[in-house]
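Written out below as structure tokens is the structure these notes cover.
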Amino acid sequence: MVVCLLVAILALTSSVVSAYDPSPLQDFCVAAKEKDGDPKLVKPEDFFLHVEPGNTDNPNNAQVTPVSVSVDQLPGLNTLGISLARIDFAPKGINPPHTHPRASEILIVLEGTLYVGFVTSNQDGNRLFTKVLNKGDVFVFPIGLIHFQLNVGYGNAVAIAALGSQNAGTITIANALFKANPPISPEVLTKAFQVDQKLIDDLQKKSWYDTN
Amino acid sequence: MVVCLLVAILALTSSVVSAYDPSPLQDFCVAAKEKDGDPKLVKPEDFFLHVEPGNTDNPNNAQVTPVSVSVDQLPGLNTLGISLARIDFAPKGINPPHTHPRASEILIVLEGTLYVGFVTSNQDGNRLFTKVLNKGDVFVFPIGLIHFQLNVGYGNAVAIAALGSQNAGTITIANALFKANPPISPEVLTKAFQVDQKLIDDLQKKSWYDTN
Amino acid sequence: MVVCLLVAILALTSSVVSAYDPSPLQDFCVAAKEKDGDPKLVKPEDFFLHVEPGNTDNPNNAQVTPVSVSVDQLPGLNTLGISLARIDFAPKGINPPHTHPRASEILIVLEGTLYVGFVTSNQDGNRLFTKVLNKGDVFVFPIGLIHFQLNVGYGNAVAIAALGSQNAGTITIANALFKANPPISPEVLTKAFQVDQKLIDDLQKKSWYDTN
Amino acid sequence: MVVCLLVAILALTSSVVSAYDPSPLQDFCVAAKEKDGDPKLVKPEDFFLHVEPGNTDNPNNAQVTPVSVSVDQLPGLNTLGISLARIDFAPKGINPPHTHPRASEILIVLEGTLYVGFVTSNQDGNRLFTKVLNKGDVFVFPIGLIHFQLNVGYGNAVAIAALGSQNAGTITIANALFKANPPISPEVLTKAFQVDQKLIDDLQKKSWYDTN
Amino acid sequence: MVVCLLVAILALTSSVVSAYDPSPLQDFCVAAKEKDGDPKLVKPEDFFLHVEPGNTDNPNNAQVTPVSVSVDQLPGLNTLGISLARIDFAPKGINPPHTHPRASEILIVLEGTLYVGFVTSNQDGNRLFTKVLNKGDVFVFPIGLIHFQLNVGYGNAVAIAALGSQNAGTITIANALFKANPPISPEVLTKAFQVDQKLIDDLQKKSWYDTN
Amino acid sequence: MVVCLLVAILALTSSVVSAYDPSPLQDFCVAAKEKDGDPKLVKPEDFFLHVEPGNTDNPNNAQVTPVSVSVDQLPGLNTLGISLARIDFAPKGINPPHTHPRASEILIVLEGTLYVGFVTSNQDGNRLFTKVLNKGDVFVFPIGLIHFQLNVGYGNAVAIAALGSQNAGTITIANALFKANPPISPEVLTKAFQVDQKLIDDLQKKSWYDTN
């Protein structure tokens, strides 16, 4: 019996398991539900997933549907270093400023019109790179940089994003700052944003939608 | 003046330039046409590309339209480790058995019905993993394994493939074996495929379509 | 004559040059001012730099002094995948919420008392991990996560931070959002932070200190 | 007690276990049969293996004897990113066209005369690079490219191949196409090779020798 | 429940556990004492460690205090690819010639005066690069090269070293050669150092201090 | 015209050029003598080298013949991450204690009898792992560890070593310590080896053979 490395996964595991993105040492290394990870038990379904359009009936009027490694979703992606997401936007829908700590991204628009952009690091002068994208347009967001997409067309918009990690992670700036649990000390936030504590209190009390 | 590393590119260069896929050391490292690669000259268009549907009027009845790094196409992708392709299939169109020597792939079907599959290595017993995919279905092809897609629906099909390299490369098996230039010695091919030289001669004389 | 790879650097270059962090292929690969990068010309000074305490007389009451690769500063660090920073804090000084897109960080306090923390990604629930650090205390900030340090002691504070890249980059959240050049469309920011345009206008007009 | 990472290997495991090739974090990380992987139990034999000449009495008249990581063979190779193979050729023996999905290769001829070659990717024009090698000659096969060796001398031939992965994998083209289990749909193969179904049926019925 | 990869660690483990240094696939992957590595159990203390000045009352008159990954010390460092060390020197204290097989190093002097240096490989001519460092001075030691530090000032000296691996390893040359267990055959050492066996015998009988 | 990355090599360059070992972004990236690195000019000879038995008529009675990347030798190896060496030993010949800072090694004995070994790091207790190898025996030396080979048979011995870098580097301990240029301060060496200055003076005056 052959045992695949990335397998110390318990039977009830419902989420991401892997830990590194380099080139694999076997043809695949499925994040198996079975404790022993025997490759002989791997089946085509481990490499397959169906993705439905996202429900945009939420405060962002947009929904990111990730296709990343997961024992319940796409275990065959384990160790392969890539993932996808489908992003649906209702009119005025926003995928708010966020970073992916572990991946660069390429986005292709399938439908609609998006205003997209990223901001460079301090060392590069915090330059903003933006573009309005239509169907068939592609845009690149380098690893770790803050970026966003806003539906500026009249109808819905749909995009596919490819990410250079099996588990890129997402840090929505507003959520990380104002929905952190426990909350970040207001002293940090008032100083950082040069605003008064009342505003920070208000922001920390708002409801922030969980973006994927 | 700041100079980006991967830049020893001449003014007339019209194609891929980079050489390695690891994590970048700068926000980006655009494969610039300008000799000095000054980041200050980088502009949003360096991260932007428009992709048209492919023309499937060819022997494969299918067309792969790559979105990979290129000085003329998408120089902003340089050093970011990912790329995309749009694949269009007319009825019965095929993306014939091929490998990507430098990337795993995730494919999502936008339209139509595809029979897709990959074969594992000798050590794993050359097992075939296949699936019939419809709109919204996703399938994973691990790095270096032989895989294919065939349109088995009644109409056209369209898919987006994400690849884990800025320049994955493609080796179409038939082209590499029978269209190699100069030709592979028939003695190698007759022994390898247990066929007679007449067949190999015929195969080497056929016209093989250049898949991307 | 031997030529080191990472050397297409012009004589007047005054800033970062490298592009990748993997393991080197030579003993060193100094980011040399001389065009030909001849290792025989490399000297001990290429591996040496003197760091003075930072001037905290600025709006943050804190100063980050980076020791990263640079033709003028520490060219010997090129290709070695690490860097340092000294951080000086006056009383109430802050190193405001920021991320390093290309490095994890370990910080050791040399003097004073710091309140430090980081926030995890959306997928992990935006949990806040904090600690009050005194002299000799060490804290870890994982790659790409938003983190901060605030001097909560009565006197000055000093810390050394080690970073896992020769050029980690810094994205100060406030600067990237409100000092981006050109400015991010207010529509993106009002939606993202659920505030009115007046506040965004005010924030975009503030003076934001350039943190390293 | 210290526990090495790559160790979730059961006592009866008879084959490859690891999953990644980067630089190790410990002096070694033996793929131990003992469940707890205690480094104190590691012994010189874990780094040792004896290789006999291969038996070339088979349809290829050649035999590849791999020296790669394996709990039963050379567990000390785990995490070290290299492996070896000895290849024996009887007269007219062939190591038929194949790829290694996870490694480049350097081959040195110990005895005899080999005609060797590789074919580049579609993007490079499927160019063939060949050479006739004699004792002491070395040739390089880049990662993922289709390559082959044929004994064109009068006597036996022997070569040593070094591979840049502890588990490079081998995909013999004929086996992957015609011996896949279950078989690849003939529709894919007839279209891909522009031949009739009769030929594909014949090829799928042949006996294909299991190359390592 | 989510399970982190690098976790096959037993409850009594007292030392290093991880095995590779690439970029992580999760926000963190704490080397947890709990068998299941549930991220929800991770706490700020996992990223925290207090470092005391080292006791220099030993034959080297110097002490290296490592801050590297360890289940008992700093489990939060797991997978993040960096570590620190504090080095204390009494007058004439020495950190004798050694290599780190898995990391480059940057050292910053906090106090005192050190004579430091490294020697390049045979291919580069075994050149010596040295410098006398004072407070605030920084020096770089490239991966795998033999290097040393000697306190040449009148008082104590203190330095912080940053290392590009969570577990860099240390090979003190004298210890590896003369304290190896079992001892290296004297025939190897007499030939290698062109000395007589009496001297090797003497060296192998000396007491060698265990440097970290 | 296509330009390969690693090419800023001058026409007269006679030695190693590359700088990093990760997976390539093109089929190959020949370290070309021609300034523009045009892949169309690459030829089979770039991947070919002939290796003669080494001349053992030297103080070590052994000779290492490296097959690593070099513009004049084997430019096709550039970016592929592996190399070879042939090692010839006369009776009592020694490849003295050394490390490779950038590669693990597998050695296979073609002829003769070798006593080989490596010593682990301080953290592992400086354990010695040795074995006597005969024809067909294989032994593994992990990256960065001190190791050696001694011919303990009656006749000559020959071995092939595979290394996991295109330019592994060699640090012969005696040469780095006693032949460093300029010499290491005797104060460092007397303290490090607990010997008197007379012995160090003698050792620094000896003639040390340049091992590859």
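In this document, chain identifiers A, B, C, D, E and F correspond to the written order of the chains, with residue numbering beginning at 1 in each.
We take it that a residue touches a chain if its C-beta (ideal position, glycine included) is under 8 Å from a C-beta of that chain, and two chains touch if they have at least 3 such contacts.
Because the structure is a prediction, the values reported are computed rather than measured.
Taking the definition of touch as given, a chain qualifies here only if it contacts subunit C and subunit F alike; those chains are B, E. Using the mean of the Cα atoms as each chain's centre, the chain most removed from subunit D is C.
When the contact pairs of A-B are set against those of A-E, C-E or C-F, over half line up by residue number only for C-E. The distance from the centre of subunit A to the centre of subunit D, each centre being the mean of the chain's C-alpha atoms, comes to 37 Å.
In this assembly, the C-alpha centroid of subunit E lies 24 Å from the C-alpha centroid of subunit F. Contact of a single residue of subunit B with at least two other chains is seen at positions 6, 8, 16, 20, 22-24, 26-27, 101-102, 121, 123, 130, 142-143, 145, 167, 169. An unclassified topology is adopted by the chain contact network, corresponding to no line, ring, star or complete arrangement. Pairwise, the chains that make contact are A-B, A-C, A-D, A-E, B-C, B-D, B-F, C-E, C-F, D-E, D-F, E-F.
For subunit B in complex with subunit C, the touching residues are 1-8, 20, 22-27, 29, 36, 79. Residues of subunit C that touch subunit E in their complex: 23-24, 26-28, 39, 43-45, 47-53, 67, 74, 76-77, 80-84, 86, 103-106, 108, 110, 117, 120-121, 123-124, 129-131, 133, 136-143, 145, 160, 162-164. Interface of subunit F with subunit C (complex): residues 6, 8-10, 12-22, 101-102, 165-167, 169.
Residues of subunit C touching subunit A in their complex: 16, 60, 92, 94, 96-97, 99-102, 115, 117, 119, 121-123, 125-128, 130, 142-146, 148, 150, 167, 169-177, 179-185, 187-189, 191-195, 199, 203, 206, 210-212.
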